[in-house]
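Order of writing sets the labels: A, B, C and D. Residues in every chain begin at 1.
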């Protein structure tokens, strides 16, 4: 789905979301009583220090507002921008800052919902979609940590071998189904139903602690993480 | 045994276990899910790669200058310290315990980022670690990161570091999202010549990160210096609230405004007022600190 | 991965009281050696996982010498190999036994 | 009447052809290809200066661009085959025959081209041997050389990397050949005259320094515990008992470890001033700590090393420096010094057979020799005594009459039983023999002959071949330090035990060395940065070796 269609399906009561420089900003209404703040990264943009700071700035000002309007983060990005300048300026700090801003908004009472409708990869994925309190996706979304050809180069395995291995496990290969199976994504929405209803339904659920490892176990894509984390936690508490 | 420089014992060269042994008070360390528990990665066999019994990370508890802390140390020599499912979950569990116990955490970073052979699990683990770190900090827990390992601190690892309450770095430490080889592979050697090691350090090395306020403390590549640095970092505030993040936003915006068009680390340092920026890499720690403490951009508490 | 197991008769029982010891890391040309107790004092069992296939004769020779030369009786040893040379294997095994002799 | 000056007239003709492109002696870089086409003749014997380190790279590039219809079938005589262009000219037919010494960086390609018949091989030489032939039967008609700078008359300054230049020029110029030099710049007055103008016929201003490779920089960070153990064995088991003061080190990590152990382990053994005082050695950065702590009295160098220039300039007591303050190296002299005036050569190799022959030829790679065979051979012309030389001679021939007994140079091969890629250092049959078969050579390229080797050091111990009395003992002595290689596992254990009783084989414990003490903590420097600090900031390592 394209951003314009997504926004009109989300906000039948209207929205003022605009795009500039690969970033989205504005707000919409699920219904007259329910305003939603919107930020986003679109058009496969590779976020660098400038984009990350601009997004974080908007999110922090939303977090600072006393109301509890949800914050929707639309994501169709590349990976982080790979450049000498971005690293010179401390891209790791800015991307972490963006993730912290999203966490802060959630903590301040604004539900943060990531809506992955296109691509996202590597550090950009961590600092945007994965840093939201809840992450949903639309079919056709294509999250990846690294594409298979690059992975073939690094692992020195042929693309054929890698593709064959990918068929047997969701743990390393790109794509929505694989990320869903590992627990990254709460729900995959149905594009043929009104998105506003699906968002309302999501907002009606309560979000508690990070349950993604549990989903990974249920869905069979990440079966050890939950138990390992729990065991370390138990041992630490037992030790005192 | 004769030690050639009895005053210095390299942190960079030490193993993760060796670093922990020197960091913590003698005899105070207890490991959780140690190698004898055999909780290793289930995914490496698929690639005919050997596993390591602790999956490249040691987590546990100990005392640092008498103060109880939870600790995690990555082993940069095992798969470049890369973060996979088990590796990541051990750190997540530790941070969740820290939140409940309100116990400070020290993380000894040494990682190239996500482990490709289990990329999705690793990526997600990093997201969980970040959330657990921030949740712990919200409870007043300090999360201190030490950066001086062989593998540097790259990729998702650098984002975790960016969420710590305080960072300690040595000259050898490198902190960056994309590594030099990754930039070169994707953008060409004109963008970044990864074989130009001096360029690597001018762009992402310890001295540059300290000068621009990306980290809080700069120490010698020495186990005792890292211990002292960790003790000092644990005295820094843990607070993570709207005010801190607003201050961080301002700090990072100021950095971009001040240096955003600089072509090289030396240009950044010149703008900071460092008299002989080209000579900075060759300065020893005390000479560097004399200059840097006066000229650097501080992070204050804005982290 | 190739998995090998050697059950060896030893000449000397392992010293010390430490329950577990670990030396080395799994890296190129290196290996990790985990030492635990629990075997009879005149016996040592070594389990090896290596990505390099076809070197069983070498492992056999190195572990046999180890069992004769070192105080390894009663030890249960697990090796994860990163493609180490035999001299490195022998060195790590010796370091491991030495570590087990040291107080915790 | 016989014409007694055909060579001189030939050179005169080339000079005149070349002068059309020159102003005085100076040839413009853009005319270089045409100039070479005018001065070179098909079938010429040409020395294209390719040394161990410095390369006449601009001249090499230009030579590769000449028209093969005009210039072809050249016979290249040069010590180093290092740059791609050195081999490109054989692909295009510009060159046909090759006599050389060293081809490390091109070892795989040169082998392929030999197998493919594109290169007609004369021989793989040792350095001194090739230099000698420049004066006897391989005198170049044209030499293409490299220098740092020239004045307008053509006086050349070769800087720290003088290397082969004086030898090549001497043979060519006085042999009535033509000498063409590429220089980095033309100056009013050269800092030091390394080559007088009347031996130089043309000068090309390359506008940039010649290519030079840092070959001798070994990062202490890469030294392993096993290498440290071999270094401890060498110091305590060889340097100490023989009292080796005059020596040459190879460029491997084992010898780098020895250099870094002198100020720690060597000091502890009380060896300072008693060993390692006088050297024929490239300027190894890893020797800096030993120099700084007073171990070293004097070093003569084959060549220089990138980044060491300022350090050597600041240590004139130690290094041979000129009136301008910079190092003067000269490969021919230093090789001679290493051959005749050193009591020990110690270096690594890739393969050793049961007779002790060693070679660096392995599966499809021909790396050549470099200097090791000259250093690593007994100088039969040596007549001056020294304690280590006499002792080695006595060990080899205990019953011979002392005043008539030849001494022996200590020729030591050091390494781990398994090398890179877990390739065994000990083999039943040298790869060099397969190469000789394949290329139908009369002589296999053996680097150090077994009868010159006196000791082999591995992590398993030291084999003293001087004490072996027959072929069987020698074979078992070698097997006895060959570790877990197939050669080592096939040892006769009883015989090896007997050899150990006679100290033909010495294990670490026989020397009072605990392998568990072979720790990196023993190294006086752990990184390139440590070396830089030890030099007081004078050593400036190339960027690729830095981690700061």
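Here is the rule we use: a residue touches a chain if its C-beta (ideal position, glycine included) is under 8 Å from a C-beta of that chain, and two chains touch if they have at least 3 such contacts.
Bear in mind that the values here come from a model prediction, so they are computed numbers and not experimental data.
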Seminar exercise, completed: Chain with Cα centroid nearest the overall Cα mean is chain B
For this session: Please state which pair of chains has more C-beta contact pairs than any other pair.
Result: A-B
Exercise. In whole angstrom, what separates the CA-based centres of chain C and chain D?
Worked result: 41
Problem set entry | Centre-to-centre distance between chain C and chain B (centres being mean Cα positions), rounded to whole Å | 33
Exercise. So what's the Cα centroid distance for chain B and chain D, whole Å?
Worked result: 43
Exercise. What whole-Å value do you get for the distance between chain A and chain C if each is reduced to the mean of its CA atoms?
Worked result: 46
For this session: Scan chain C for residues touching two or more other chains and write them down.
Result: none
Exercise. Which of the chains are touching one another, listed as pairs?
Worked result: A-B, B-C, B-D, C-D
Exercise. Mind pulling up the chain B residues that touch chain C in the complex?
Worked result: 15-17, 27, 34-36, 45, 48-53, 75, 77-78
Problem set entry | Of chain A, residues touching chain B in the complex | 49-50, 53, 56-57, 60, 63-64, 80, 82-97, 99-101, 103-104, 107-108, 122-123, 125-127, 130-131, 145-146, 150-151, 153-155, 157, 165, 168-173, 178-179, 182-184, 210, 212-213, 216, 221-226, 228-233, 235-237, 239-240
Exercise. Which positions of chain C touch chain D when the two form their complex?
Worked result: 29, 52, 57-58, 61-62, 83, 85-88, 90-91, 94-95, 98
Exercise. Hey, which residues of chain B end up touching chain A in the complex?
Worked result: 30, 32-33, 39, 42-43, 46-47, 59, 61, 70, 85-86, 88-90, 92-94, 96-98, 100-101, 103, 114, 116-128, 130-132, 134, 138, 153, 155-156, 158-163, 175-178, 182-183, 185-187, 191-192, 203-204, 208-209, 212, 214, 240-242, 245-246, 248-249, 252-253, 255-256, 259-260, 262, 264-265, 268
Exercise. Can you name the residues of chain D that touch chain B in the complex?
Worked result: 221, 263-265, 267-268, 289, 517, 519-527, 532-533, 537, 543-548
